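Each chain carries a letter (A, B and C) given by its place in the written order, and its residues are counted from 1.
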């Protein structure tokens, strides 16, 4: 399968149940460090559910159950273990949501949020980190003069980049993107795709997308999911040109989805 | 056939118009009521202001319109209203908002379903019953700890009024918190925030205008409250900031005069309308402010 | 990693403290409510007897009863209901089904929302000027009923509107599609389906009216009535006023009478609230959209 690169995370026999329904079935693959891994598949195949297992978002709602492991390197923690504190996990893994959800605060306060809840008070340090994060998110030039303006004054694409900056400000070990451009226009989408390519130099990225072409453009590794199972996982160039499983080929050629 | 249908249709049309007209007139009644209130308050206060100058009204520090040495300064009544309202809200605002946050952000659904109706019961108790409770239970209880507390005092009345207003503030605030979309909370939790951090740093700012609306409407409710203060705070106008003393509010004054034997048309009779007009103006201003905040909140979500 | 764990521990501790504080507040509020009910019950329940329910007030506390008071309450509530229910439901129907969103509707809505927050005693003042003197109805049951009816009108209007709003649009469309007029649609479809909500609103409104004291004092309800009213224009008293009167007397014995009246009043308001909630849930079960 996939080897020869450093693993940032390894998913082993992951299953997930909403109440009585088994939504994810025995999933295993690895996330390579400093690479973009895309999860694709038709709607309802469980890719967002899988993504939300990484930062234990399912813990917020009652009636869910994890089985299997997600091992995070280099410390080799099992993220799904009951002994792991979800709050600590979420401080180390960041998420960007499908629809931009900036807080009703200023641009500066939004990006600084993650740092402030960790108890960082030093104004100078905060300004530095905010500027760095906004530069990494390719938003600094557009907002550097209005950091105290409300985040809601930004356009949709800018708000999403703000959410990316917010996610990056805390130096996460893993950045999760849940269909980040599905609510944006093509220009904004392109900017964010370019940004993701830049970001992988510093961060490890997992992206869920229902847009196959986006996965082909942006990712290094791709996993194809169908009805809660991982059908095929390989390097993007191989998966899209020479898929080994028939179902993958059918999805990629548009026979269903 | 055609003529039959036509006649039927025009008959129905007239009937429909009639019904619509009746219903319209019914809905105008609210406008008439407001008109009636304003009309009466203004016309019945005018005779007062013909005798008493505005300077007297606003600058005199005593309110003794029924004594032979009559004074007509409105401040003692306003200070009484202000003091009781402040104490009531000093209790109700923190308790109401904190309880609303707990119910909205922490409590499981079944816990919330049990607690909410119980809190609503607090507002279903008639105010005269609260007045009894304030005078005959709270005051003796407080006198154990504060010996200098007089039998009629602002503190007991204020605290009891606060209890009555809590469900008002907590239920409106909780509705405001509930309207904040889950996506905002998820954004905060995904950064590693606890429920308290999310509640204080994200939910409250997002629901701010809704919470403010609930507070302002709570103020309006407290200012207009009558029976609790009439029973427990005493009937002596007293220009004081000390809650351990008795004081009279605008509302209690109206009750006092109404209980007495004041002939229609005397200056004393008109004083209650002056007090009522002052009361109406104060609550009207608060209502308008509260309403604008509520509209602003609804716009956002 | 340790500094991070420390911060997380501190954050979680504050979270825990908040839970403790809010639980304390909740328990405190419920405790106060319980104490209120217990205090009234312990003092007042023993006093309740046939004699108490069927005697007139008296200078002697042990001979006094609430006959005139509850008869007065019943008569006043009758007039209140007859005033508020038709007017309220009619207004609610008009505003929800007929009115166009123009300045006039806006004005009416602002009025209703303002009236809902006007202090009840101001209603009493208006009633004093208009009903008692200008219209010459005197300090009577009729004046009282009209006053309270107008006082609770905004509640009935708002709950009627909410109940009507809850009826889905496709029901209306289906009715119009078979050729029904607007009134026929309302009469045959909208009203039957919103009955639950409307009834609930009426109960809540009447429950509020039963406990109202201030406006009735203002229009001159007397506190010592030793006879039963014969007509709507007779003087009267109501239970809250009787309780107020007895509470204000210095003698302990009258306080006991007040507590007895109070527990009856509480029983009435709390059970009416309970019935209202029951009506609402049972109607909700019957009609599943």
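As a convention for this text, a contact is a pair of C-beta atoms (placed from the backbone, for glycine too) under 8 Å apart; a residue touches a chain by one contact, two chains touch by 3 or more.
Note that the structure is a prediction, hence the values are computed from the model and not measured.
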Chain separated most widely from chain C, comparing mean CA positions: A
Chain pair with the greatest number of C-beta contact pairs: B-C
Cα-centroid distance, chain B relative to chain C, in whole angstrom: 15
Chain A and chain C: spacing of chain centres that average the CA atoms, whole Å: 53
Gap in Å, rounded to a whole number, between the CA centres of chain B and chain A: 49
Set of chain B residues in contact with two or more other chains: 192-194, 197
Residues of chain A touching at least two other chains: 87-88, 91, 117-118
Overlap residues in chain C, where contacts from two or more other chains coincide: 8, 11-12
Chain B - residues contacting chain C, complex: 12, 15-16, 19-20, 22-24, 26-31, 33-34, 36-37, 40-41, 43-44, 95, 98-99, 101-102, 106, 115, 117-122, 124-133, 135-137, 163, 166, 192-197, 199, 217, 220-221, 223-227, 230-231, 251, 254-255, 258-259, 264, 272-273, 276, 279-280, 283-284, 286-288, 290-291
Parts of chain C lying in touch with chain B, wherever the complex brings them together: 8, 11-12, 14-15, 18-19, 21-23, 25-26, 28-30, 32-33, 35-36, 39-40, 86-87, 90-91, 93-95, 98-99, 107-108, 110-115, 117-126, 128-130, 133, 150, 153-154, 157, 181-183, 207, 210-214, 217-218, 220, 223, 240-241, 243-244, 247-248, 255, 258-259, 262, 265-266, 269-270, 273, 277
Chain A residues within the chain B interface of the complex: 55, 57, 60, 62, 87-92, 94-95, 97, 99, 101-105, 113-114, 116-118, 163, 166-167, 170
For the chain B and chain A complex, residues of the former touching the latter: 108, 181, 183-184, 186-194, 197, 201-202, 205-206
Contact footprint of chain C on chain A as seen in their complex: 85, 87-88, 91, 117-119
